[in-house]
Amino acid sequence: VDLQFYFPVAVGGGAAKTIESLADEYMTAHPDVKIDAIYAGSYQDTIAKVITAARGGNAPQIAVALSVDMFTLLDDNLILPFNDYAKGAEGEKWLKGFYPAFMKNSELDGKVYGIPFQRSTPVLYWNKDAFKAAGLNPDKAPANWKEMVADGMKLTKRDADGNVTQWGVRIPTSGFPYWLFQGLVAENGGKLVNAEGTETYFDSKPVVDALQYLVDLSAKDKVMEPGIIDWGATPKAFFEGHAAMMWTSTGNLTNVRKNAPFPFGVAMLPANKSRGAPTGGGNFYLFKGSSPEQLTAAVDFIKWITAPEQSAKWTMATGYVAPRPATWDTPVMKKYAAEFPPVLVARDQLQYAVAELSTHENQRVTKIFNDALQAAITGQKTPQAALTEAQKKADAVLAAYR
Amino acid sequence: MERKREWIWGWLLILPALVFILLFTHYPAVRTVIESLWSTPRGTRPTHFVGLHNYERLLNDPTFWQVLTNNVVYALGTIPVSVALAIVMAILVNRPYKGRALARMAFFTPTILPLIAVANIWLFFYLPGFGLIDQVLGLFGIGQTNLLGDPGTALPAVMVVSVWKEAGFFMIFYLAALQAIPPQLTEAARIEGAGRWTIFWRITFPLLMPTTLFVSINAVINAFRLVDHIFILTGGGPDNASSLLLFYIYETSFRYWDTAYGATLTVVLLALLCLLAIGQFFLFDRKVHYK
Amino acid sequence: MTKETVPGREIRLDGIAKHWGETTALHGVEVSAPAGSFTALLGPSGCGKSTLLRIVAGLEDPSEGRVLIGGEDVTLRPADKRNLSMVFQSYALFPHLSVAENIGFGLRTRRVPKPQRAERLAKVAELLGLSPYLDRKPAQLSGGQQQRVALGRAVISERPVCLMDEPLSNLDAKLRQSMRAELRALQRSLGFTMLYVTHDQVEAITMADQVVLMNAGRIEQVAPPHDLYERPATVFAARFIGTPPMNILPAQALGPLGQRIEAAAGRRLQFGIRPEALRAQPEGALELAVTGGEYHGADALVQGRIGGAEVLMRVPGQALPAAGTALRLALVADDLHLFDADTGLRVDLPQLASLIARPDDPAGASGATAPFTNRKDT
Amino acid sequence: MTKETVPGREIRLDGIAKHWGETTALHGVEVSAPAGSFTALLGPSGCGKSTLLRIVAGLEDPSEGRVLIGGEDVTLRPADKRNLSMVFQSYALFPHLSVAENIGFGLRTRRVPKPQRAERLAKVAELLGLSPYLDRKPAQLSGGQQQRVALGRAVISERPVCLMDEPLSNLDAKLRQSMRAELRALQRSLGFTMLYVTHDQVEAITMADQVVLMNAGRIEQVAPPHDLYERPATVFAARFIGTPPMNILPAQALGPLGQRIEAAAGRRLQFGIRPEALRAQPEGALELAVTGGEYHGADALVQGRIGGAEVLMRVPGQALPAAGTALRLALVADDLHLFDADTGLRVDLPQLASLIARPDDPAGASGATAPFTNRKDT
Amino acid sequence: MSRFDRTLWITGAALLALLWVAPFLYAVWTAIHPSAYEAHFTLTAPLTWQNFVKAWNAAPFARYFLNTFVLVTGITAAQFVLCTLAAYGFARFAFPGRDILFALVLLQLLVMPDILIVENYQTIRAFHLVDTLAAIALPYVASGFGIFLIRQTFMTVPRELDDAARIEGAGPLKILWRVYVPLAKPTYLAYGLVSVSYHWNNFLWPLIVTNSVTTRPVTVGLSVFATTDSGVEWSVINAATLMTSAPLLVAFLLFQRQFVQSFMRAGIK
């Protein structure tokens, strides 16, 4: 059986190589199956390639794409639920074996459309040296919003001219600001969207307040750089001592571990009303237009690659959060966690995690929301005004799906 | 008969290129136009004819108007600067002196380096605090900037990158054109007492007109179609402040997968460019002196 | 054209040489054109005339030597600072400018006010017969018209020095003749120094105060036109000036007379005699065997041989003798030019006339002097 | 150059007109060049010579009329199918090809084998004095050398029809003369039909079998050179041919004699007389008031007035009379050309000689015929 | 030119060049230093090849280079042929519909192939060419840009040269080959450089129509580093960029010399 498998790479390191070698390993074990593992660029490139190929009548059997693309793929009628191919008790058991946080936006109407694979969640990194220098306890990260502002103020350093040389905290807001902001919303007890992806709550109070908090970090408390903060340069800013704390994906763990020229700590995102964080990253999808044998083989491969042993390899190679508790119980993972305990932070945070913002016409709604966030962050609109407007626009888009 | 022969030759010469162009440009372009009259198919809801509905939607889309305005600003800001710089560069590296090869190389590198990589380098230059620009400004005691993160400066910052990228590219064409100007003409002008400035404006520049026509048409087109760096530098942000028409089309078609609306935007962009470029061409080609 | 005249400036070339890789176009040229003079540079194709002119203009750097204009060393000065005008052999018209703009280019460059520009343009266009074409582009003109535009561009600016490279070569005889007169008059009235390249000796001789005859990158002779024709300094000059060229005969062609003259001069000689100086005379000293003829309108050329050497003779147009006839020709001392057979340099022999008149002349004719004095006032 | 000769083909132009927008370059030209003939197109600058040539070549479409070559109508045939060669006024050398490649271009195009090509190239280069320059690019040549390359490109291909547009205008007199002879000999020996544009009447007259004289897009006269000179059909032809041009005098300049001839002809006339036909004679019928002179080497030109009309007279170089003197001139019937004063067309008056000889001539000279018969064999 | 002018001239050129090459210099800096020096320009920074090693090992670059080389050569050659023919037709032949056809060609300049990806993918698939080098090349081989540019140059070739060649019996194709093409050499060089660098760096379309290592160009390999999710690693991206662009840089240095010898010194007289 021939299978085409498109996958993206969104983190540095040998991600592509790891997937290819896993596919090879599977093929050695299953000589009748031939898997063509095709690196397809970034998430954005991958989804473009997948949909282009599918519309051209040439869809792959398997692809990894963002979990939030589920609705898009469903709306385009391109994907199949896994339930039909992971049948029986064993299949059921497999499907149930993932962290519920990851399954939140992988299911619809009781059917599983996405199998969590390269999943992540944001965490807080802090610079222990900077904490020490600011007279803070270098081993204790701020646990809640207030502490973060208070610590931030101490950590923000200015030179003689009043120019800031070190900011307290850095929450990047370029590109997809909604993601980290979703953490703030969750911590504030809020919710952005319903499970069906048809209704958003952008202008609800917890959301507005969360945005106000974010805006105030720069505007009022002056612990964070004003303006839009670039995502890609965030680790660098952290290494350079330009920011003493940063919010970013666990996917950066390996990078930070390797490159930070100072001791650092990793913590869950600070709480307000509660802890909270979004999940993120990619799922496996199963595509229409393939023969039943192909689909069966495809599901078998996905099962195999998400099995604890393979999953552990993957997690260790990339820094992604292993999506199944079983993986964490393997001896290799245990050893890995013992050597480098921060990897556990992300796992532990999963209990508070919410699904990444995902709706029908997801990208469009997300864009509306992002624009509103950026407008508020750059001070062009008040949080309330920006979000009310965004909600209106989102309603207009989603009305068709209700 | 002679005339007919000329027709046949003309057609035969153009035919091979035309086949490819029709196949890979016009055919899909026509499909795009048609698509703009239909709704986007959505799995359960197949496409249906909607007439001009998509165009109506476009007129009421504030983002469309914003990116259009951005694009006009972008074009007006980048084209004259990059064309002027291109001419300056070509002239600078046209005469022989030591290091000319290096100067040419320097001007041309932006064209050689892939935009994704280059955009990342510019990203570093622009970074607040420790980026190159801030480091240099810091030497003069000027504080931090956040050029890409401020709606007021994001577009200009992107424009700088675009000028940097385009000028060296256009320089190559000016260089080729300069080589083709008979030296007697400048000699004659020098004899007539024309200084370098006069020679440039009265002789060289007019004789470069065919190139300028070519370059300016390309510049207009590129102003509307080169958006790769925006993906990396600003992603169109903040709040669409640096988003351009094509970037918006890209988002619509390849992120929202709203292909019908994407097609509509494309049609508008094409119409706009046709108006600009083909108009520019047919207006000026006759006036341009070719010999 | 305007009232003020431009005082010409002297041009001096001091040991100018020019090499292009292996080719040497000029070998240490040393010459000067006095202020306000009309100097023609004459010479065969490829002898370096244009190169020399371009060096004066500052368009080409000399490999060696100095250029002085008005006493100043301008060798290193760029062309636009030398304050001269020039007509290019290839015209060098600006293809994108109209005839009027081409001609007025220099004036505009020098910011001459518009009304004055228009006035001078009108005059020059009138002079050159270009008035109907002022709005055309060069590509829409005939070759001769283009050349006139180039001429106009140079004369309108009234610079102290004017350089012209074969400015009339594409004009018809009539126009050329009137242009010759006009150019000469213009130069006289304005008083600028003219350096005029031509391959046409008629132009050089009729227009110039001084002719510089060049050959293969060297100067053969510098002289006023009359001297050049009457007393060519070398065989090359003798043959180059005059159409058809001077006949050059070896001594043996003249028989015993030739030997006598050689003996008197004390060296081996070549004898030159112009085709128009050969005149039929029944008792003439020489015999011409006619081998052919060529009709030229006013004149005809007789081809023939004297003592085995090929010779041309000019006769009036209708008087062409048939091939095969033999003509006796008079030989006149004043018409005979002597050149050293080895160096090609002119030899002056005061006793020449008496040598020719010697009675022991085989085809002896004591009255030989008569036709020649006669001839002067025919 | 090779043994086979190319039989020339007749060129016939049938009512050729050419308009460029508002300008009309040619008005219904009707002319033919017989097979194997050498036909010169002569005329002032801008009269349409090049245009006509380009139409024959197929480079320009006539607005009206037909072109026939060898009896075939080729009006619609493209240039590369007309089997002719051409020298362009602007040379049109390929700047990227060396001299050898430029000359050999046509042979290569026609796939002439390499050894043969090399051989012919060597011969042509030799003939044109281009052998040392074969490897140079055109930009490295002097103007005259470039022109010779253009010439070489045309002659090497030995086509039945050869078109040349002022091929010698940039050559010096000596070279020009030898090229004239060479071209003529080549044409004779190969037998192709030559259509030769020139503004130089000497070229036209010395080389051509037939001269087509053009003026302002129209044909003035088609005739063999001799006739053109001896019997110009119009005032234009009379003045265009001959340097300096024929003197044209109104009847009143000749006084009573003029009136007598007009009366005999029965219309108003203009009188033409060539400068070289004016000869001093103490008892001459006309009086010339000398106003100036010009030295030309072999000859000189006397400027003066006869009966108030300006006149040029050719005299030998050394015999220039001073300005202010008065000369009496002989008037010979054979030298007098009569033209209708209104149409400019030639008028033949058989009784002219007797009219001139009439005793009631004011400055009467019964011996007037003597100097003129004499003159023929001077 | 006086000495002063000359100095001014060279200084101007040098300053502008420095400004223009700064990003490249930065790329070199980061590529040869450990990533800690990405934002610190200390002269004593340790040198390392590690970035290049890492970049080279991230993808089968040797194979990608080969693919790109074949691809770029093929595209450029095909473009030269097709565009030259068409440009010649447009520049020197009068035929009905010429203006309309030329407008259609200009349209190709305007239409962004990136936007027509879905349609073009379908066409390529209909020809069963998915995952071949030809698929990457086909949409680009007839380039409106090239036709426009070459036409522009051809129009400046003096008509008499064309005439002279025709008289010598050269037919239209021969004239094209022996006269127009050689005279347009600087333009071909310019176009070649531009076209090569464009296709060398083209990414999205090749990514979408190819699936296998044997067909993919270097840019796909390069894109592995251009992901921002985990932060930009300038040192590796820049090493990879330099590595992939090196052939182009070298080619440019070689070919720009061709511009130097202005073989049309005196132009056309």
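Observations on the model:
Chains: A, B, C, D and E, in written order; residue numbering restarts at 1 for each.
The working rule: a contact is a pair of C-beta atoms (placed from the backbone, for glycine too) under 8 Å apart; a residue touches a chain by one contact, two chains touch by 3 or more.
Everything numeric in this text was worked out from a predicted model, so none of it was measured.
Chains B-E form the pair with the most C-beta pairs in contact. Chain centre most remote from that of chain D: A (centre = mean of CA atoms).
Chain D has its Cα centroid 59 Å from the Cα centroid of chain B. For the pair chain B and chain E, the distance between mean C-alpha positions equals 15 Å. Spacing of chain D relative to chain E, judged by their CA centroids, is 57 angstrom. In chain A, the residues that touch at least two other chains are 48, 51, 175, 232-233, 236, 240. Among the residues of chain D, those in touch with two or more other chains are 78, 90, 140. Those residues of chain B in touch with two or more other chains are numbered 3, 120, 123-124, 130, 182, 184-185, 232, 291. Listing the residues of chain C that touch chain D in their complex gives 20, 43-46, 49-51, 89-90, 140-145, 148, 165-166, 169-175, 177, 199-202, 205-206, 225-226, 229, 239-245, 274, 276, 279-280, 294-299, 314, 316-319, 375-378. Chain A contributes residues 4, 9-12, 14, 16-17, 36, 38-42, 45, 48-49, 51-53, 55-58, 175, 231-236, 239-240, 248-249, 251-252, 255, 259, 261, 319 to its touches with chain E in the complex. The touching residues of chain B, counted against chain A in their complex, run 41-44, 120, 123-124, 127-130, 138, 141, 143-144, 146, 148-151, 154, 232, 234-235, 237-240, 251, 254-258.
Interface of chain D with chain E (complex): residues 54, 57-59, 78-80, 83-86, 88, 90-97, 105-106, 109-110, 137-140, 146, 153, 157, 163. On chain B, the positions that touch chain C within their shared complex are 182, 184-185, 187-195, 198, 202-203, 206-207, 209, 289, 291.
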